[in-house]
Amino acid sequence: MKKKMFAVAGWSTFLVLIGLTVFLFREGLPALYKFPQPELVFAVHPANPVVRLSAEAVRALAEGKADWAAFGGPARPARLVHLANLERYLPAYASAAEIQRILADLAADTAILLALPAPLLPEAVKPISVTWQGWRELFGSLYWSPTYEPLPRVGVWPLLVGSVWVTFIGLMLVVPLGLAMAIYVAEFLPRTLYYPIKVLWEVLAGLPSVVVGFWGLVVVVPAVKSVLHLSAGETAFTAGLLLGWITLPLMASLVEEALQAVPRLLVESSYGLGATRWQTILRLKLPYILPSIATAALLSAGRILGETMVVLMVSGNAPLLATTPFQPVRTLPATLAAELGEAPIGSYHYHVLFFLGALLFLLTLALNLAAYAIQSRYLRAQTLG
Amino acid sequence: MRYKAVTFVPKRWVEGLSTALITLISWVALGALGGVIAFLLYKGAGVLSWAFFTDLPRRGMQSGGIGPALVGSIYVTLVAIGVGSLVGTAAGAYMSEFATRRRIVRFLEFLINTLAGIPSVVYGLFGLALFVVALGLGASILAGGLTLALLSLPLLIRNAQEAFGAVPKALKEASIGLGASELQTFFRITLPIALPRLLTGLALATGRVLGETAPILFTAAVYYLPTYPKGLLEPTMLLPYHLYVLVTSGVDVRQTYPMAFGTALTLLGLTLAFTGLAAYLRFRLKRRYRV
Amino acid sequence: MHLRAWRLIFAFVLSGATVYKLETRAVSVWYGSYQALKGVSLALERNQVLALIGPSGCGKSTFLRLFNRMNDFIEGFRLEGEVLIDGENIYAPQVDPVHLRRRVGMVFQKPTPFPFSIYENVAYGLRLQNRLPESQIRERVEHALRQAALWEEVRDNLKKSALMLSGGQQQRLCIARALAVRPSLLLMDEPTSALDPISTAKIEELIHELRQHYTIVIVTHNMQQAARVSDMTAFFYMGQLVEYGRTKDFFTNPQHPETIRYITGRFG
């Protein structure tokens, strides 16, 4: 009986992983098929022959990039009325009857496109259906503006690109510096300092990310701004710099362990052939532990990719497509942290954010699985040492 | 032939330079850590006082203290570590002592590694969907604590497994040989001997949990709530989130900076106390067992 | 002419006697407080094979590793006395152990192929020293593989991983790797202890061949092997050189009671 409890606890990780997957996808997948504004009715003038519009068409009409003729209607630009711009047409104080009347007047225009909740809709209009292809909206758009009216823009590319920039910069820092630290500690550090430096690594790895973000905001951001002559110091580069730094202990300790595990006889063989310490490191040990280095880099990438608070605080939080790392960006996790609090539970915004979460989950999972695969594939089958 | 010729043969002075370079890199990277601590001490030490730790935030969080956030963090951490340590220790015991097949243990280890690689913000989403919404706990100390418990599971299980694994097999066998059952042996021999290592892991997890922000953003934390939490199902202010709020969304951020430095220093002090303690204990233990 | 050669001639003229290939003078070694060798003095002429025998922990491996200063890596290592190669004290402060090791090849108890190709394994030592053109490296790799009697077996598979070879082939590869840097002295630390009898026979044959060009010191547990391959035999016991002499006298007419007990198999 008691033993069964242990077994249940042992399999708790399995339950957590299953639960995590189920809930992320249960809440995230509706972003692919749900309509973002189910309470809105889209309607046109009865004389307008249009009966169905795509989300892109609605946006084109709203922004004046196309007129009705493009969709088979009258050759006039559309006049859009939705909740966000309704007050433009209303006096400061309007009674319900007045609002009804004004809306009815507006609806008399043949070029009208209404996007209003059903109770507000005047009678003499023709409802049309608006199609929403979640997949295309998520991956076919370069804009992220999930509260945009009348229809949100939920293109994930700006966020993905932001994440890629930050991860790239972080890796550029953490891989060479992590290798350097690992070599130093494994080969040159006096043994008496070995445990103290490991403690420092633990401490560095355990720094609360929000504290690192704060320090970055106060110290690193102004420094980056003045050194690189940027208009703002909050960039992907700044975030990558800080993340690379706090990921150093992970990278360095993984590589250091691998270095220590190179069989002693191989190392002695190298010395025996007249290799110096550095030659042995560069020509024997690093090639030998290459799989471990790749594993460590992948795990570090996963860590950087998933880090939230530092990025939220120092990367500028601009969900724009960045073409260089010296621009403000917003990453996937930072978007989740910044927006989930404002998204009503069950709303399309909420589902989209869970979709992003599922995406992030899959990305980090892929990195971890790749790391795991490399490790088990190249685990040396040698009997040495 | 395809073998490429060597173009780089290190000279002795190049080697010396390389050694100097990596020494410099290593100490600069760690020096920056000292820099953070020194900077926060310099800026934040003046704010710290008994009143700062116990008072409510006042005047749009520009003065007063961090009492509710401190207490809220402690509550959430207690819930997280309480639940996490129970499940984690039991799971570690299962993997180290009771699981009969090596393949099962390998699979569970793989799962743990997978979970450990999942970003904390994703745990936050999970906590929101499961505890806050599906189980109806609302944003609360309990929901936040449970989310953090899940987050700390990989660390706690791995640590427990190592702790039990490090207990000499001979002792366990001796106990079995004296007629003790497997469970008796576990509770009377293995558990007490593994206790120091288990506590080390707990301290480490406590440090991590205290500093986590992303998972509690949507599961427990509130922006401003000038009372001490009254129950497990109440939302609460929390130190890391409070720091984030002070820095990014105060009414006038410049005015709240002194409070922010004080909060950051408090948070840093708490987490460092736990992680530092854990790391120190760990390496002490290692050394003791090695001799 | 090489400086080393001049020094050899110089030393020869000065001493007016044979300059030994190897010589140790009252060598004592400590690891921390533990004394591993106690005042060992021994000399070996050129192109001879010296077998070191004795029970485990007797100091024979330590003695072997003196000649390429491999003991330097062990913490607490301390040495008294002199170790000379070609009349030169290799523990003198101006001697660079890295340069020394390029003159002294070493083969270990187990085959230690690097996880590279066969070719790169043999070329490893060559690439460490000077920038040889690839054509020369190839020549020397082939020569070394021929010397190690491995060429015929691997000539078509030079690019294959060295880990694919059998244990005996791997050990001959390691010998080739050591020979490629053209040492004058070859150290072998129980080179056949991990091999089957056929591979062992091949290695022993190889030692016979190599004797024409190299001075070889070999540590072995196997007394038949020592008798078969060596010209001189040294018996170590508890850190001391108990007996040293021509192999044929050594096994037929041992002097010391400990030696007799060891070669008649009364040690455990």
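Labels A, B and C are assigned to the chains in the order they are written; within every chain, residues are numbered from 1.
Everything below uses one rule, namely that contacts are C-beta pairs under 8 Å (C-beta built on N, C-alpha and C of every residue); 3 or more make two chains touch, one makes a residue touch a chain.
For clarity, every value in this text was computed on a predicted model and none was experimentally measured.
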Quiz prompt | Centrality ranking, top chain (CA atoms only) | solution = B
Quiz item: Hey, which pair has more contacts between C-betas, A-B or A-C?
Solution: A-B
Quiz prompt | Centroid distance [mean C-alpha coordinates] between chain C and chain B, Å | solution = 54
Exercise. Find the geometric centre of each of chain A and chain B from their Cα atoms only, then give the gap between the two centres in Å, rounded to an integer.
Key: 23
Quiz item: Cα centroid separation between chain A and chain C, in whole Å?
Solution: 60
Practice problem: Please list all residues of chain A that touch 2 or more other chains. | Solution: 276, 279
Quiz prompt | Contacts with 2+ other chains: residues of chain C | solution = 127-129
Exercise. Would you mind writing out the residues of chain C in touch with chain A in their complex?
Key: 68, 70, 73, 98-99, 101-106, 108-110, 112, 114-116, 124-125, 127-129, 163, 174, 177-178, 181, 187
Exercise. Sort out for me which residues of chain B touch chain A in the complex.
Key: 10, 12, 14-15, 18-19, 21-23, 25-26, 29-30, 32-33, 36, 39-40, 86-88, 90-91, 93-95, 97-99, 108, 110-115, 117-126, 128-130, 133-134, 150, 153-154, 157, 182-183, 204, 207-208, 210-214, 217-218, 240-241, 243-244, 247-248, 260, 264, 267-268, 271-272, 274-276, 278-280, 282-283, 286-287
Quiz prompt | chain A - residues contacting chain C, complex | solution = 263, 265-266, 268-276, 279, 283-284, 287-288, 380, 382-384
Quiz item: Quick one: in the complex, what on chain A touches chain B?
Solution: 2-3, 5-7, 9-14, 16-17, 19-20, 23-24, 26-27, 177, 180-181, 183-185, 188-189, 195, 197-200, 202-215, 217-219, 245, 248, 276-279, 282, 299, 302-303, 305-309, 312-313, 333, 336-337, 340-341, 345, 353-354, 357, 360-361, 364-365, 367-369, 372
